[in-house]
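In the part that follows, the structures are each spelled out as structure tokens.
Shared between the two complexes below is subunit A, which pairs with subunit B and subunit C, respectively.
Right, the complex of A and B next:
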């Protein structure tokens, strides 16, 4: 991947980001007036006006927008109303938690899916294949909120071996990771199985056998690398989804990630937090897409861009 | 004793429309230093024969029902899977028809040639890397150091086929099976690849089985020809005898349907009809439905492959008389 190609991608990403942030600015203001949420119901009109003036909400929408745009260009995302700290500081505390959670779940799902999908493909039609098929279909279709609640019920309430929610040592990660693992695992097993069956029937696999390669080498060196591309594509898509936070899973387990922060920010009309979260997630997704492209090129020389 | 002896080989496949007998008792032998052409139309069983020798018949749906394949005194069909794998590549090598499909797209060609040495634990003098470069030089790839790091899609069709050939001959095998190695190539490139195979053949004493439907290539390269039809060998003869004096009506028809430059006769005579449905072969001789010489006996008794002259055999009740 050449440097000019990277610059071109970055320029397009900057345009997309500008459009995204603009719509975020207007959409977040549709959630309502924060003053009504933060002041008591019986607060005087004067107190309300005073707070609006302090937050700059008294000016016209356009004036607010141009001020805000200028601040964003200088990477100033404003103060969080709720946390009373710079919004980006709060976002950058939550983001690593989400990225780690997503990365662990996806890495486990990808690795397990490669192994299970390959085993199923090698034994295509046999009972192992059928077993893997049932398991992966179930994993792909079970809703994560249900899995989360059942996990809490079973391991936290009944067996009392895992915490219901919260954050801290590795033990707090087990249930969230398990919930985020299921769907990608199920989907990826199906994809790996399909592309492995195709690769195992390819002529170059016959060549490898004719060269005297053993089954393990034929499967994992010759077929697998050719079968990886579809799995990498889907994993990239899932990674982009996870970058936005584990959504329901973060809320169910009270996991302090960007998803929970974003949802709380919307509920609390904390405009700065919402805007800073969206910006950070968009940048992460851009980086993930670049990484997936680079991974692509390193797996398959035919997609390398001159 | 012959280097490779195939006897009464029968291979069948389970398909949706029934059991297909791809080989119905194929017998031939190959001597050291000899080039045997397996000649026949698509579906006649040429490639299945190669697959059976290389242990590449997919099982299921395919199965070797009976017969024997003896190589250098050992019965291949009684060896373990692992022992068969060890022979493949090192002592019996296969060159595929379509090199673009047969080379792995995601590994550099040098790596793929070097893999031959690695799989079989060989340590050539001067190292594997040097051996690969030497091979590429020998098969006429310019700038071999740079080209070895490139991928199959960066080569032309002819170059790719050369690389397939380099890979096959890397460990100096005793038997080289070339499965239509020139079919996918332009005519000018075909000639270069045939030349390369002829050079390799001169340099080593390996036996070569050359699978083709191209009579021109047969004339150029082969010592002996085995003509196949519907999973059987119907005639074997040395290449001159076959061209001058074919005995089986199918061989005669095959020769008559090819354009020739050495006669004024510019009329081509195609064989009437088409290759029989392998699920339901005609009774008796499979060729009888297209044969001008067929009589009642042909529908009842399968003609055995019988000696019809010194070193030549034909499977026909009513062979064409010697010219």
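Right, the complex of A and C next:
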């Protein structure tokens, strides 16, 4: 990957980020005045006006926008109204948790999907294929919320081998990871299976077999490498989704991630948290896209990043 | 290949942790208590105790007020003040407890109270207590000596001690220009750590002036899901869980307690057809309250006839509860229609998502009941921010006819905390403009004793029977799940106050 390529991507990303942040600024303000949420319902109108003045909400939207834009250029995202702390500090506490949770769930889902999808493709039409198909369809369609509560009921309440929720050592990650694992696993198994069946019927595989290559080598080296590209593309999209947090899963398990923070920020009209979260997630998505491009080039020698 | 090796290592690590089962306590250690609530506190500043999410951690655990309200009868009882008296109509004298120290080592005295009062009234800090409890009441305090304090009010305030029960006293070292996240109070527990997004840790304060807590370490955590909170008590991860939904709270460990909240529908009596009293009466007659109890609302909820529970000073026990009579509702609507009232006009029912358990389901049922009686009602469930816009003035003059789902809390025990903002002409949530009612409420607020009670009772009767701009539903209950090995019975204050000091293991 050339440095020029990186600079070009960074420039496009900066433009997209500017547009995104501008939209975020106006959209969150369309959701309403936060003052009523932050003062007791019995507070007087004078107290409400005083808070509006203190937060600068009494000024015109454009005046607020230019001040805000100037602050953003110096990476000052302001104070969180709810947390009463710098918004980016709050976001940077939550973001690593979400990234770790998403990365583990996605890595496991990707690995398992390659194995299961390949096995299904090799046995296409057989009972193993049908079994994998049912399993993957179920995994892809089960709601996170339901899966989470069932996991709590089964593994925490009935078997007592996992904690219901919370944040701490590896054991606290098992249920959230399992919940986040299900949907990408189901989706990726379908994709790997389909592209593997196509690859196994391709002429280069026939050539490999004709040259005497063993079944395992044909399947997992020749066919799989070609079948991986669509799975990598979808995994990149899923990774971008996960960067925004596993909202429902984080809420159910009390997992302090960016998804829960963002949901709370929107509900509480905590503009600074919403904007800082969007900024941080957008930067992560930019990095993920670059990594996916690099992975493409390493899997498929025909792809050249320039 | 490296990645796959990493994943295998991680999987093995998880498997080993699982096999060992190291991190799951079957039962809590006897010196530790974990309480699970719904939300993280917004603030742990001593001047923000008006919000229940803050006060249940702070009040009487970390920080204390001059006085407390008795959960039995709402009477004012000593706390940091040992006695008090009204010197004249605008002046009160408080005698302060001696030998009390704050968690940071500072002495509790009259100057500490003066500093806390100033802080609570500082408009720049926008303290919850100043805005919601004092509401513009000016307090000027003067130290006669370290243990005697005079507090002067700018207007007659007969229930000043009640109001001061909500004003916690923080250390004089608390910053005056900003809110604190590290409160130092005089309470039985001191703050160890507030880990954002995860927990608040407390430890017993060795220098506490009163009875020492039975359990030295307490942790408050929060989970949004009722089913998860309930499960945490079953697994021993928590010993007490609050706000369990009725459908989850069906075991012997689930205790329902009155929470000082009253659910109701506020009728916008200024807009046709709801500006006709017959229509408002029909609306009340069309609701089958008996059908809602034990199904959508908890079986221990009490049918309400007014907007405060019986524990509140000024409650009127003589107002009849509405009986379900859809036929009479239909005939009232027909009579109104005959007189040209546009009863077919669509009425919007504004609900708030999660205002109490099953809030949406309750309105769906009520919408069906209203339809059966001949109303044309549409349900709109809102999240808190747009709901507040409908609750609070100013309102658009051309707004559609509406009824609004709400819930009124009165843990302070006096009708003055409920009536002025909701039922006087100037009230920021009031749909009533009535000089007679204004006078009843204003006079009641200034009166004392039996006269005060009589005026407030008249006001409640006028609202429920003459004005009919509400459809009272229920005096509500909250469910707490308590572990079998824990001694704890939640009382009427438990929604705002977790009395950690009184909790022990069997």
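Keep this in mind: the second predicted complex is superposed on the first by the 304 of 306 C-alpha atoms of A that agree within 3 Å, B and C clash if a C-alpha of one lies under 4 Å from a C-alpha of the other, contacts with A are read in each partner's own complex, and residues count from 1 in each chain.
Please note the rule applied: a contact is a pair of C-beta atoms (placed from the backbone, for glycine too) under 8 Å apart; a residue touches a chain by one contact, two chains touch by 3 or more.
Remember, predicted model here, so these are calculated numbers, not experimental data.
The superposed arrangement places subunit B and subunit C next to each other on subunit A without a clash. Looking at the shared chain after the overlay, A:302 reaches subunit B, while subunit C stays out of its contact range. Once the two complexes are overlaid on the shared chain, A:40 sits against subunit C while remaining clear of subunit B.
Panel annotation: after superposition on the shared chain A, the angle at the CA centre of subunit A between subunit B and subunit C (CA centres) reads 160 degrees, nearest 10.
Touch criterion not met for A:183: it reaches neither subunit B nor subunit C.
Applying the stated contact rule after C-alpha superposition, one finds that A:222 touches subunit B and leaves subunit C untouched.
By the touch criterion defined above, A:206 lies against subunit B but remains apart from subunit C after alignment on the C-alpha atoms of chain A. By the touch criterion defined above, A:90 lies against subunit C but remains apart from subunit B after alignment on the C-alpha atoms of chain A.
In the superposed three-chain model, the partner touching more residues of subunit A is C, compared with the other of subunit B and subunit C.
Residue contacts after overlaying the shared chain place A:193 against neither subunit B nor subunit C. Shared-chain residue A:214: touches subunit B; no touch with subunit C. Of all Cα pairs linking subunit B with subunit C in the superposition, the shortest spans 17 Å. Looking at subunit A, you'll find no residue that touches subunit B in one structure and subunit C in the other. Put simply, subunit A touches subunit B in their complex at residues 202-204, 206-214, 217, 222, 225-226, 299-302.
For subunit A in complex with subunit C, the touching residues are 31-34, 36-45, 47, 50-51, 54, 82-85, 90, 93-94, 104, 107-108, 111, 149, 152-153, 156-157, 160-174, 251-254, 256, 260-261, 267, 269. Taken together, the subunit C residues at the contact with subunit A in this complex read 3-4, 6-7, 10-11, 13-14, 17-18, 21-24, 26, 42-43, 50-51, 123-124, 126, 128, 131-132, 135-136, 179, 181, 196-198, 221-225, 227-228, 231-232, 234-235, 237, 383-386, 388-389, 391-393, 421, 428-429.
Of all the residues in subunit B, the ones that touch subunit A in their complex are 54-56, 82, 85-90, 93-94, 96, 98, 101-107, 115-116, 119-120, 151, 153, 167.
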